[in-house]
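Residue numbering begins at 1 within each chain, and the chains themselves are lettered A, B, C and D in the order written.
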């Protein structure tokens, strides 16, 4: 018997990515769709149709799962979670702050929203990176007297970053991380998201709130779980986040300074070997490699590499030493912001929770 | 009487930009066009026409100057410079290494090529940034027993960088400069330049040789002229250079660490006030502001800001403090890579040389 | 003394283009700005600033005229037109239907909206194409008992089309016009306009309502003014309108069948010679050539040709015969959809009205 | 035992698409790779590596088949076809004219080149459209005294066109076809293909030779096979071919006039039902639907629809009546120019030939 899951925010880009990630899933079955009042009461097929033009507002490369189209869309604010084992939320931060605690009273919630990421008893999880933090769940349930719980996922830009930093943190210690991102458009959502006229022959040098999230989330993710609480990591992060004319996939240019000397070869080996244990769990949405390292200096490119292992592997290239900071290397990465960086990453987290008995 | 100038490499993008920059110039008159053997013997109009398709291979936004179209194109390797006061070269490094010393025997050469940039007696000039380095010309003429001389211009990516660093170097001292560029396509030249299929929905994470140039050129540009030689500056530069789907204009994200503490307001004031003396020379191609500082966090954008003051001003935005390095600020800049960053910048240098009696 | 004009819808793309087109105008002075309730009461500088992010929402290549920034924005629905000689409206069809008749009670209105284009007594004008239709103004004023009047401008896609068809209509007679457009994004307006994610690596095959407008407007434009009314022309038009990843400029591929045989050379001569009389009026916003014909088969291209004569000339290329229809030729055109195709075209119409004593 | 096939021109875009199309093929096995002298003697992995930069020059979305990388690349002009059952050629027209007759002396050749398309005894095949033309093979072998033969595939732009026209031709008769294409970049090949600077914010209004091919090829494809020869069809085709900033996928806007009256519903039904017999052959590379008809007016879009049924189905939308021509309808189509439009289409043809005993 599959676990019955709800997807809240099912009509947005991230929600659509959830439906794709959950299609034919061996353990989970989408039993309930929810969205805002505007969509409530319609079938899913109707809810993603533009009422004025008749166009289908579907944003994934994959076609919408046929089985979802006739399902009714319920209103997120008055959801009956009877018989639901798990809720995935893919809504903005504002609604998440209202809705998630209500759901968590009875049901586990895996959230891509930023609302509860920084609360002390809420795990901020990236699959394969800090799964020991799920121990916070017990504290959280006790603190809040909930039967369910909330676990969150970081910002999509943090995810590729943290995946590639984890082996460096573990083996060499992190001191300073300087990052410039060139982010794909899908991260901005769809309506209006980034305006078409801004995306042609252009770079947009600012994404509101993004740099602060990236600079902060790493500390919690790399924090040590001690005495029921997270002791945040202390390395410094400096982020500049820009938007480029790329559909999907975030490219990030990194300069990382470490505690101990390490050669490019050391770093390469640490990245290539990273994540074996997690991969061996054999979770259905897991990549076969957490990090793919390219030697071709023209890789990674977002169009060529974002879909590596169905968007679940992070691609690294141009590994080279740097003399500007101590024990430093530079590299670029490409990460799929709406697969591992959002919905499918959250599904992978849920698979882990299920395997550990939390669902 | 205007000075008679030659443009060598007149059919390439940079050469075309020279013709635009010199159109109706008050002091200079294009008297001689030269290019490779393939174009020699044709009229300029013919030389820029694709023989197979009949298409005009012209790459500037401005139309080609009508007066240039009937001019004959001479072969660069056997040029008669009789009656020519100044040569502008816009060729690749290989040909430049052969051709420029031949021209310089008799005639001043202002070059956008990289061939002689690092020679000890050759000035590496950016207009308004290190004009005192023209004193090297005398050494060079004596060393080489030339009647003319060679002055060079740095890589286009270095130019915007150095312009914005100059006021920081002067007022606060530079320690470390960490830069990620998102460069426009025109910098790669035209045939084939960047292949169309690589530029859609993509970022190219590597530009061969570019990072080394950027990391090295700053030291010479900011060097102190002492006892007839340049003592290079010693700050550290770390560059990551990428190509994005932008036609013209280089965007650069910077993190700069300085010797002395300075607030964002200090840096802003230093940039806004920078270059008054040079601007007051009133040179024909000079911008009215060396640096334009934006407060709108969504600026600068390459499409909106590359043409500021006809591509001769560098636009800066998102000035903010940074805790990762000592006395550090971050900002982004946009610089026009084929105006101030190439041909028109070289014309401005030539105007300075003329005013100082070197032409 | 300049005529005092109002711009209604001043904060949208078309409104902004009006401010650019009217900057330093020799005959007109912008004395009043109006927009929707949301902007009313703010200065223009504030009104075009995004309240959330602080970004300036300005969409023209040219900078906003400095003199406009401090002007107050009034509410369009309660405008005091005392002392105003002429109103330019750049609003959607819905508001235009409400607002324009109110303004026209007292004041001439030149409109880019579609609301009144098809009313029998309202001229549908393209500068240089059917200026004799201004005779409808007298009928209109009498019919409606207005002191002012409304004149309209067709859809931007119709404008380039009609300009190139006029000499063919006059010299050879039109039978059938088959057109496929590849339109720039700016025609869709700004918020949201075309969504960024739709514009990368894509063509959008549908623009709601556009084809109907194009198929209908030509009949009125080419109609004969007889006994105080327009007798519509009867040629057939078939349009397919698509959106391509181009910022500004509409490209249109045409197949035109005519009444009388005509060679490519005849058509070329008709186009090149077209519009002399109108150009000789010397109106301030007039192009020097209504139509520019290219022989280079790779022209016209929207990026290279949209700005011809500041966006007021229509560029034609690839003129060739066609055997599919009778007396047929094919060609492509590029027309600037927000210059001649919208605001600056409307200003040129207003200049004509002024010269003829209608303002 | 699988048939052993050679791929000639294996390093170009079309050749790479062949390797992808033949990966894990149930009937064919790639036993021989060939390319020009420049690549001969290298391994395939080396041959697709840029010697200067080390970059991999691979152009398909799919990764290169691992089993191909170590294979040696032979020189196309001195190929030993012993043990080879079938040759796929993916070279330019010039080399094809030299090479293909040499190969055909001993071995069947399926060609994507244009060299022999118009020869009287050479079939010009589109899978599922005119397979009865393979009867020409016998004539050809006899005429030329070859053991093998050449069959050709039309231009990629013709393929989507002819697939959608076939049911109309069969059921209603074709009179006139007026087509404007908006073609993807991959059709231009890779080096240089379309230059990056031409593809941003632009449309290129001309593709040399393309319109002539489209206008001509249809007559042969729809010709009647009679007394050992093709009697060409006589409908008229008028084509305008443009290039737009789209990576893969050709979009075509069509106006089709037919012999007999037919409603949009008739046309829709004819298209939806088309190709059943061919599909039922169950060939490995066959789509499940030859034509997919969309009701959403915003479809087909090249990015969303080019990959329908792995690029083997042609997508149609915006079916509507037209009054300009007799018995006319309009529609748009999207066809994958390097899947059904090139390599994988040729593989499908080869599968048919194999099933019919011609390989």
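The rule we apply is simple: a residue touches a chain if its C-beta (ideal position, glycine included) is under 8 Å from a C-beta of that chain, and two chains touch if they have at least 3 such contacts.
Here the structure is a predicted model, which means the values were calculated and not measured.
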- Item | Higher-contact pair (C-beta pairs counted), A-D versus A-C | A-C
- The chain whose C-alpha centroid lies farthest from that of subunit A is chain C
- Chain-centre distance (mean CA atoms) for subunit A and subunit D, in whole Å, is 40
- Item | Inter-centroid spacing, subunit C versus subunit A (mean Cα positions, whole Å) | 46
- Item | Interface hub residues of subunit A, defined as touching at least two other chains | 53, 55, 198, 200-201, 206, 208, 245-247, 297-299
- Of all residues in subunit B, which touch subunit A in the complex? 176, 178, 180, 182, 198, 200-206, 208, 236-238, 240, 242, 244-247, 251, 253, 255, 297-304, 317-318, 322-325, 330, 332
- Item | Contact footprint of subunit A on subunit C as seen in their complex | 52-53, 55, 59, 185-186, 188, 190-201, 206, 208, 245-247
- Query: subunit D touches which residues of subunit A in the complex?
  - Reply: 53-56, 61, 200-201, 295-299, 307
